[in-house]
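So, here's a batch of structures to check.
What follows is chain A paired twice: with chain B in the first complex and chain C in the second.
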Partner chain A sequence: MQYFFNWDVVWRATDKLAYGLALGLGMAALALVVGSAIGLGCALVLTSPKLKVLHRPVRWYVEIIRNSPLLVLVFFVYFGLPQAGIRTLDNIDSFVLTLTVYAGAYMTEVFRGGLASIPARYVESGMAIGLSGRQCFFFVTLPVMFRIVLPSLSNNLISLFKDTALASAIAVPELTHTARWINVQTFQVVEAWTSVTVLYLAVSYSLAFVLRRIERRYAVIR
Partner chain B sequence: MTLFQPGHFFYEVWIARGVLLSGLAITIASAISIIAIGLSIGILGGLCLTYAARPFRWAMRGYVDLVRGTPVLVLIFFVFYGTAIIGIDVSPFLAGVLAIGGFCVAHTAETVRGALESIPQAQSDAAKAIGLGFWGRLIHALGPQAVRRALPPWINTAVEMVKGTTLLSLIGVVDLLLAAQQAVSRSFMAMEFYGACLVVYVVLCLGISQLGAVVERRLAYIRY
Partner chain C sequence: MSATATPANGQDGDGIVLSARDIHKRFGDVEVLKGIDLDVGKGEVVALIGASGSGKTTFLRCVNMLEEYQAGIIRIGGVPIGYHDEGGRRVRLPESTVVRQRSEIGMVFQSFNLFPHLTARANIMLGLTKVRGKSKAEAGAIADRWLERVGLTDRKDHYPYQLSGGQQQRVAIARAVAMDPRLVLFDEVTSALDPELVGEVLTVMRDLAKSGMTMVVVSHEMLFVSSVAGRVVFMDGGRVAEQGSPSEILKNPKSERLRSFLGRFHGVLR
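Right, the complex of A and B next:
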């Protein structure tokens, strides 16, 4: 059997591909932002001696999520929650929820590392010029930590974007789902998957390029 | 014996025990094959990235960047459908293992390169000074140090690969996840079966992390 290339099928699906790309990026960005908030909260809990009782649950959360496959979590949330009586989430909501919880665990590690790697002299200098503990936290620790973790944040955004491919398993119309759609509608297998691979690569690397520039702009001078 | 009557989770697990166990076996077998492929070719790839002549290094760099910039799921579909188009009949299991194995190769190669490049130049110079050739330097001077540096990130990669085997279920390989899914479609106990699945995967992955930590400690007798 001979295979005939027909790139028209890709051009005809441009609107679907663009929508899928935007949806993937949107879900990744949302998961990163909310996940960062969760991660920052958990990291602060882990570094605070006063909240020692919460250390164990937070560690469990991080360890369990980091050691479970995203696809199983997606199925657990998407098929399991309705069984428990929560029926308000459609497939996009439930995927974003899963990805956010997933990102939160990774972000906890990122922020914990960031907080641990702030040189002590920064905080000491803050104290020396008479800042209170709270001021020290908001004007010294937090901004320095964000600059330190910026590279990890951008790596996580890119890998979350790639993880959105799994949403196709629960029929979220993102990029991979569109490729499968072209595939089954037209049987133009090579065209479908090549175009989507190229799109993923292009977006990943242009994101990386832009984010590296931002990182360099905000790099910590040590 | 209400526990083992129809409609109870344990009963459903017992009914599906055959497919669940064979699914677990498939998951473990695919993880081992993927890690074996990744480790063997990945180390060579890492050496290629660090020491090979420019054209080879560029080719390898291109491969690594291509694979690392694409979701594994897309790679799996590409290999699975692509091999069929060029006329090779590849089973879903083989296609999936090759795709994730290729992904593992790229990550391992990058880890090995990072480890080798992070060793101070003086180590290599000293090994040269006592008359070691390229392979002698690599095996006796750089290798042992590189292993210690590469191990922690590589253990992470291994855990990612075990997690990645779940994607095989999407091309119809009956691994643990798809076996559970089949049980769910019969019993409608999504929460129980997917929850049990999660527990198994967490145990497997934590096991690998613990094993890695043990090896790391055993190797820690040399400090740099």
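Right, the complex of A and C next:
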């Protein structure tokens, strides 16, 4: 059977592709930001002896999320929770929620590692000039940790962006879903999937490029 | 009891900056400090010498309240720090009090410990703004003055990783003294440096000593000790074993322990 290339189908879908791309990036960024807040909170809980009672629930959260396929979590939240009587979310909200909770678990590990890798002597020299424990945390520990975990943060952003492809499984109109739409509408399989692959690649690559520059700007440790 | 206002040893209270009495410190079952007594007068430079493991670092950390200790009392300017007496019981002071007291004592560490995310200037400014409540402009001016004093004006916007060990240590000294502490503790501040960088740090410390700064200096730089210290204290096994003027201690050691310790520095000291 002969295959006829027709790249027009891609050009005609430009606005849909652009929207899909923006949606994917937006969902990933939101998940990273809110997920980081969750992760930082959980990491602080895990490193605080005073909050020992919360260690086990946080551990469970991290373990469950990290040992489940994201797609299963996406289905669980989108199809499962409404069955269990929890208010129905539309598909985009549902996916963002899932991705955020997912990112939070991974960011917990990132921040916990970051906090653990800060030598105690930095905090001690903060105390030696008379900073309180709280001031040491905000002016020394936190900014140093932020710089240590920056490379992990940018890797996670790129991973999350690629993970947004899974949202197509619940019909979120992001990039992968758009490719499938072109595919189904026009039967131009090669054009549809080539174009989104190139788009994923180009965006991930430029994102990595920009993030590396930011990292270098802040890489003041060692 | 009016313990809080009573000077360290009766008559000459004003002149005494640090007074430590019978400090005992255990790590688990191991007693590391076995009753240290030490007085340091205003403007005095006291050198602490002694073999590795004799408790010099631990003692300095107790003075700066970075370690808790089980017995004894340390006064700064006559005021007990770290602990107080509560109906006959020895109780750790509230953290806020300890923090305030600690800001009166400067400490310079062997491993520099500059804040890695801040420039040399910002390292010095942090305590001035956050602890002393000075404005950015005021703190910046003080930082610039100290950077000039330690010869690093042209490095003020450099981050620690862009500075040599000697430069980092000079910034660390500037950061400690810029807080205008009553006492500065130096813990082997040249031990981690390449030999060719030791001199620039000792020069800064010599300059501070001359300006009347009260200093307790743990050092194995015997030439520096003999020329700058007013008094040398030899620690051995968690006790003060001998003390006196540099010439007494370094040239005419009484105990065998001190003689054998000094033997290692043969050639440096005649």
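FYI, the second predicted complex is superposed on the first by the 221 of 222 C-alpha atoms of A that agree within 3 Å, B and C clash if a C-alpha of one lies under 4 Å from a C-alpha of the other, contacts with A are read in each partner's own complex, and residues count from 1 in each chain.
Everything below uses one rule, namely that a residue touches a chain if its C-beta (ideal position, glycine included) is under 8 Å from a C-beta of that chain, and two chains touch if they have at least 3 such contacts.
Please read these numbers as outputs of a predicted model, since none were measured by experiment.
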{"item": "Clash or fit (per the criteria above) of chain B with chain C on chain A", "value": "fit"}
{"item": "Partner chain in contact with A:176 - chain B first, chain C second, else both or neither", "value": "first"}
{"item": "First (chain B), second (chain C), both or neither touched by A:126", "value": "second"}
{"item": "Which superposed partner A:152 touches (first chain B, second chain C, both, neither)", "value": "neither"}
{"item": "Partner, of chain C and chain B, that touches more residues belonging to chain A", "value": "B"}
{"item": "Contacts of A:204 with chain B and chain C, given as first, second, both or neither", "value": "first"}
{"item": "Touched partner set for A:186, first chain B, second chain C, both or neither", "value": "neither"}
{"item": "Which of chain B and chain C A:72 touches, first, second, both or neither", "value": "first"}
{"item": "Chain B versus chain C as contact partner of A:63, first or second or both or neither", "value": "first"}
{"item": "Touching partner for A:84 - first (chain B), second (chain C), both, neither", "value": "first"}
{"item": "Touched partner set for A:135, first chain B, second chain C, both or neither", "value": "second"}
{"item": "Chain B and chain C, minimum CA distance [Å, superposed model]", "value": "23"}
{"item": "Sites on chain A touched by chain B in the complex", "value": "1, 3, 63-64, 67-73, 75-76, 79-84, 162-166, 168-169, 176, 179-180, 183, 189-190, 193-194, 196-197, 200-201, 204-205"}
{"item": "Residues of chain A that touch chain C when the two form their complex", "value": "121-122, 124-133, 135, 139-140, 143-144, 147, 220-222"}
{"item": "Chain A-touching residues of chain B, taken from the complex the two chains share", "value": "65-66, 69-74, 77-78, 81-82, 84-87, 159, 162-167, 169-170, 177, 181, 184, 188-191, 194-195, 197-198, 201-202, 205-206, 209"}
{"item": "In the complex, chain C residues that touch chain A", "value": "64, 66, 95-96, 99-100, 102-107, 109, 111, 113-117, 126-127, 130-131, 159-161, 172, 175-176, 179"}
